[in-house]
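Some structures are shown below for you to check.
Look at the two complexes coming up: subunit A is in both, with subunit B in one and subunit C in the other.
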Partner chain A sequence: MAPLLEVKNLSIAFRSFRGVRRVVDGVSFAIAPGEQVGVVGESGSGKSVTMLAAMGLLPGSAIIESDGIVINGRDLSKASDRQWSAVRGDDISMVFQNPMTSLNPSMRIGPQVSESVAVHRRGTSAAELRKVAREMLREVAVPNPDLRATQYPYEFSGGMRQRAVIAMALAGEPAIVVADEPTTALDVTVQAQIVGLMEDLTQKRNLASVVITHDLGLVAEMVERVIIMYAGRIVEETPVGPLFDRPAHPYTRALLESRPVTTERHGRLNAIPGLPPTSADAVPGCPFHPRCTFARDREICRTERPPLTRFADGRASACHFYEEVLAAEEPRTGTGQAAPTAAAADGEVVLELEDVSKHFGKVKALNGVSLAIRRGETLGIAGESGCGKSTMARIAMGLLKPTAGQVRVNGRDISQLRGRALREARRDIQMVFQDPTSSLDRRMRIRSIIAEPMVIAGMKRAAIAARIEALMEAVGLAPHYLAAYPSELSGGQRQRVAIARALALEPDVIVFDEPTSALDVSIQAQIVNLLDDLRQSANAGYAFIAHDLGVLRHVSDAIAVMYLGRIVETGPTDALFCDPRHPYTRALLASAPVDHPKHRRQEKFVVEGSPPDPANIPSGCCFRNRCPLARDICASEEPPLIEVGAAGHRAACHFAADTALLATLPTLTITEQ
Partner chain B sequence: MLRYVLRRIGQAAVVIFIVSVVVFMMVHMVPGNVVTVLAGTDPTPEVVEALTKRFGLDQPLPVQYAKWAAGAIQGDLGTSPISGRKVSELIASRMGNTLLLAGAAIVLAAVFGIVVGVVAALRRGGWIDTALTGLNATILSIPNFWFGIIMILVFSVWLRLLPSGGFRGFEREGLSALRYLVMPAIALSMDSGAMIARLVRASVLDELSRDYVTVARAKGVRGAWLMRKHIARNAAIPVLTVLGLRFGQMLGGAVLIESVFNWPGLGRLTVEAIETRDVVVVQGALLYFVAVYMLINLLIDISYGWFNPRVRASVGGGE
Partner chain C sequence: MRETLAYLWHHRTGRIGVCLVSFMVLVAIFAPVIAPYGPNEQIRGAELMGMSWEHPFGTDFLGRDILSRTIFASRISLTAGALAVVLGAVLGIAMGLSAGSLGGWTETVMMRASDSIMAFPAILLGAAVVAILGPGFVQVAIAIAIAQSPLFARLTRAIALSEARLEYVEAAESMGATKLRIMLFHILPNSAGPLIVQASLSVGIAILLESGLSFLGLGVQPPTPSWGQMLADALRFIDFIPSYAIFPGIALTIVLVGVNFIADALRDKIDPQSVTKGGSN
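Showing the complex of A and B:
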């Protein structure tokens, strides 16, 4: 069958005041009708740029060269924007990453959904367009489509918006849809809904799809064939089956091995050393050779660019030694045993929240949360948007005053402190934020950024200088970066600086708010390993807020699962992952992308809807309106957090002790295919 | 929505009250008043006393203010001791002229600004963009009245195409009275037009980089459709704000242009009143300017709702 989309020898460069930088070099691929293909790579790999070029959406500053971009048999490589517009939305369409920004805020949902029909079939009547919008919304399972079509984007939740975006992409009945990180910006339970929806739709409409992602778990669930990109080139092409067991390129292998997974726990992640190159031409020879375990000192890897070699049906690798890579044993995530978690049990409590509530008017952000973190312990905090995890972090930091309850740092209640006393108490608790680009002042040099808390604390100059040196070593940064500005550092390096700043005053508690979620997979593993080192050496307690369950399982001694401002389940990490007692925890675990295609679940457990509005919390159990087990008692009585199973394992569910009933909800317990 | 409007009107009333007190105090703190003007160069104490009494200036300030404010609420801003005419009539007689001038100028500024701004944004980085941006910077760095004087020199003195000033209204001259409007309106619109153009350019560029514009392009939307449905409405919000503020200023502050072109508007009325120390007229005119400015601001705020559905809902739902 003739391919729907064929890209031949595509190269892309960007013109800027610094000169011309090549980001894609000689990429060729074809997508057949009805085929599901994943394009995987880290930021800067050229995966999104390649697909934008395949839709004619790159800005004028891009220099695009190719031997053809063929869609439905028409070569559009020399097409004008007018010619491209005739194809876009009609033959090929796109779903973008962030549903919060991809809808026009001042236009009703209906007209946005039917717009591609309005553009391509001029003269379609208004009534007909309304019908298209309604039917599309119904098809993507937006409830009450008649009403919803007349609403504006702000009236939609994140998950509903992404459904509308998908409806929009499919309204023009394209043969191929490009989805750029379609679930990355969504909550875990909503992600699972969207993945399911996309699978249903592609099957029902016999659509071809290209899923651009950094998430190998998503690839394992959604696609048949995978294209792996690195430094603007395709390094491997393979059906999804052999990818996870017998990768043919060292980079693919390294990516697989560096992931934290939800099913197992290891001592360390196999992080890929170094950084990806900044342009397609930055590294001579094989672009991956400086980070490659197979290259060792081989001359050819340094000097000769490996061609993409086809070696089996549908498989190709751009490695000089791909046979060696194929022959290597199965890739393993992580090495060594997990550090013993019992060590922390006898440390003294450094952070304690007792019955803390925080209400902003009608919005009940936090309701009676109690937790304790001991010195040397890491408490992982899991939950979706609106569950109150960030409010809790800010209360623990003394940045917000709780409406009720006590916050004790080292036994002292900081919620009553003011002014100078509060400032001094804050030294004992520090925070590392999600996005190091915005948490570091871009006009300050690294030296001043790390020194700032020490200067405020009144430390002597010489002491500060010595401490900065020690901190830089502890976070693995070379001293020459001290004179640099944040913009000269990579994302991972910036996060190291943020961690060094948090460590500067030797705090007793460090709160990490999604510290790795803005980073690429290979960099994430480096930071997770760094945090692991700190856990061993720095003598503090850690709160680790994250939505990635793999990362949480890897770093946490204990986990607290939050929902609508409450802790619904808490306990030692392994107990919680292996024997979850709250339906919401089970739903979270069941929704996480699988680690391996052999783990494709036989039975799906996807909770409907998204968390309710914290201004309007249901009576009784807060999860009851999404819970498949809900009975009358759940509406009338709020379940207390009761002890179940292992020591310290508690869950707030009326059925937490009824393991037979809970077992009807599939969770991480995986059936091998 | 009604509650929102009522609340905004209430806020405006408070501001007008405060401003009225300030205006009243300021005008009364300036040395010299009507009496010194009317009584001539060497008045007898009796004359001064009689005049002081006649204008109520012997009474305590709060009483004077209360009388004035009570009248103002009923639309009576007092009577000019110089011309003997009611201030409200004086303002009414000039209001139409100022509105005409300001209205024409704001339309010119909007048309110039939107056309130049959109073209510059769409040709970003090209020579057209560079030329238009340079033109805007030049206009912004030269005061409006200078353009007025140069236009008089060129079109009235040299080319004798247009009258150099004055305006006698449509009643007397019919549509040909518009010839008097051309130059003052253009002169008054210059800096506003340039400023709007810069704002429109930035606003459109901002919109062009939005995800939903890329999404729309991915649906096959382009050209005028893209501009109309996805860019114009969202880009309009900041532009509308500045347009409104500028219009409010023009309605009161076209003093220089009205003087250059001898335009019988409120600006000239105020200047004349200041020259003759006609306190009553100055007070009345200032209060009127503030009220108009507040009204325009109110209208802008209400119009946000039309452009931003979220504002509309949050104010319509009655918080």
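Showing the complex of A and C:
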């Protein structure tokens, strides 16, 4: 069958006043009708740019060269904007990453969904357009489509918006849909819903799809064939089956090995050393050779670009020694070294929250949360957006005052402190934020950034200089970066700077707020390993907020699961992952992307809906309106956090002790350890 | 700084702006060397002459060389413009920064004050200030500074509000930094880009305002030359000696065009979304 979309020898460069930078070099691929393909790569690999070029969506500053961009038999490589407009939305359409910004906020959902029909089939009557919008919304399972079509985007939750964006992309009945990180901006349980929806739709409509992602778990669930990109080139092309067991390129292998997975706990992660190159021409020879374990000192890797060689049906690798890579044993996550555990779990309590609530007017962000972190211990905090985890972090930091309850740092209540006393108390508890791009002052040099807490604390200059040197070494940064600005550093390096700054005053508690979620997979592993090292050397208690259950499983000694401003389950990490006692925990675990296609779930447990509005919390159990086990008692009585199973394992569910009932809800497939 | 200059130089209209402004600045600095006559030197019997080899721009009604007066007037116009913008920016930024970072009643007082200033047309405000302080160079600069401060106050407040939401401000707070430190060390440096663009736009407006006030006789007092005052003098003779008005007018135009080109180029640099036609590199 002729391919729907074929890109031949595509190269892309961007022009700026600093010169020309090539970002994609000689990429060719084809998508057959009805085929599901994943394009995987880290940021800067050229994956999004390639697909944008294939849709004619790149700005004028891009220099695009190719031997053809063929869609449905028409070569569009030299097409005008007008010709492209005729194709986009009709033959090919796109689902963007962030549904918060990809809908027009001042336009009703209905007309947005039917816009591509209005554009491509002129003369369609208004009544017909309304019908199309309604039908499409029904197809993507938006409840009450008649009403929803007349609403504005702000009245939709994130998951509902992404459904509307998908409806929009499909309204023109394209043959192929490009989805750019379609689930990255969504919550875990909502992600699972969208993945399921896309699977149903592509099957029902015999739609071809290209999913651009950095998430190998998503690939394992959604696609049949995978294209792996690195430094603007395709390095491997393969059906999804052999990808996970027999990767044919060292980069693919390294990516697989560097992921923390949810199904087991393992030793240090196999981080890929170094950084990806900044442009397609930056590294001579094989672009991956400086980070490759197979290259060793081989001359050819340094001097000659490996061509993309086809070696089996549907498989290709751009490695000089792909046979050696294929013959290597199955990729394993973790190095096999003992899993790092806390030095002493019996240290004194450094941070204690007692019955803390925070209400913003009618919005009840936090409701009676209690927790304690001991010196040397890491408490993982899991939950979806709106569960109050960030509010809790800010209260623990003394940045927000709780409405009720006490926050004790080293036994002293800081919740009522003000002015100078509060500023001084804050030094004992530091925070590492999610996005180092916004948490570091972009106008300051690295030296001043790391020095700032010590300057504020009034330390002597010589002492500060010595401490900075020690900190840079502790977080693994070369001293020459001290004179640089944050913009000159990569994301991972910036996060190292943020960590160094948090360590500067030797705080007793460090709060990590999603410290790895803005980073690429290979860099995430480096940072997770760094955190492991710090946990063993620095003498503090750690709170680790994350939505990635794999990372949480890896770093935490204990875990607290939050839902609507409450802790619904808490306990030692292994107990909680292997024997989850709250239906919401089970849903979270069941919704997490799988680690391997062999774990593709036969029966799915996807909770419907998204978390209710914290301004309007249901009576009794806060999870009852999404819980498949809900009975009358759940609406009338709020379940207390009761002790179940292992020591310290507590869950707030009326059926927490009823393991037979809970077992009807699937959870993670746990492999034997 | 060096990067900004490099950018300006690579920006097509930015480069023209830099050339025009540096030309006028050089003229102002080396006025005594360049000018063939003193600014107030009267040549008997040569009143109201047209263009000639001795007086390329002609002479005025007191027999003074218009070329020399135009050259010396650049000193007044440029320094008045720069001084007014510096004063206005300091005043406005202080208002806006405290309003945006502190909020509460500080914000209300500062922003209502700036609204009140904005309610008056700049020329009227200038006339009022001069009426109170008396005419003169510094007074005019103060008048213009007050008239321009609301622009800086509003812009600074808007930037401060959006910067204050970024995590680095929270990070500084969590280190125990005081409000003042966060305002001066974090929010202000990060607001610099848009403020510099605003300042460069304001220089043009300030020079124009200075000329306007001088034209009305409220600015620099005779015999010190300024472009606006020369234009006012020339008005009576515009029918038979057009060069009298044309050359101060051209000088004013050169500065304004140059300053605006630079401002446009700087805006392109900090906001690549709004690249003007001249901006393709």
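Before moving on, here are some points about what is shown:
Note that the second predicted complex is superposed on the first by the 661 of 673 C-alpha atoms of A that agree within 3 Å, B and C clash if a C-alpha of one lies under 4 Å from a C-alpha of the other, contacts with A are read in each partner's own complex, and residues count from 1 in each chain.
The criterion applied here is as follows: a contact is a pair of C-beta atoms (placed from the backbone, for glycine too) under 8 Å apart; a residue touches a chain by one contact, two chains touch by 3 or more.
Because the structure is predicted, anything quoted here is derived from the model rather than measured.
Of the two partner chains, subunit C is the only one that A:424 touches; subunit B does not reach it. Of the two partner chains placed around the shared chain by superposition, subunit B is the only one that A:86 touches, whereas subunit C remains out of contact. Using the contact criterion defined above for the overlaid structures, shared-chain residue A:456 touches subunit C, although it does not reach subunit B.
When the two complexes are overlaid on their common chain A, residue A:438 makes contact with subunit C while staying clear of subunit B.
Look at A:107: by the touch rule set out above, it reaches subunit B but stays clear of subunit C. When the shared chain is aligned, subunit B comes close enough to touch A:98, but subunit C does not. When the two complexes are overlaid on their common chain A, residue A:378 makes contact with neither subunit B nor subunit C. After overlaying the two complexes on the shared chain, residue contacts for A:16 are found with subunit C alone; subunit B is out of touch.
When the two structures are aligned on the shared chain, A:357 is found in touch with neither subunit B nor subunit C. Shared contact residues of subunit A, touching subunit B in one structure and subunit C in the other, are absent. Across the interface of their complex, subunit C is touched by residues 15-17, 394, 397-399, 423-424, 426-427, 429-431, 433-435, 438-444, 452-453, 456-457, 498, 501, 505 of subunit A. On the subunit A side of its complex with subunit B, the touching residues are 55, 57, 81-82, 85-90, 93-94, 96, 98, 101-107, 115-116, 119-120, 152, 154-155, 165, 168-169, 172. Those residues of subunit C that touch subunit A in the complex are listed here as 7, 10-11, 166-168, 170-178, 181, 186, 189-190, 192, 281.
Subunit B meets subunit A in the complex at residues 210-212, 214-223, 225, 229-230, 233-234, 307-310, 313.
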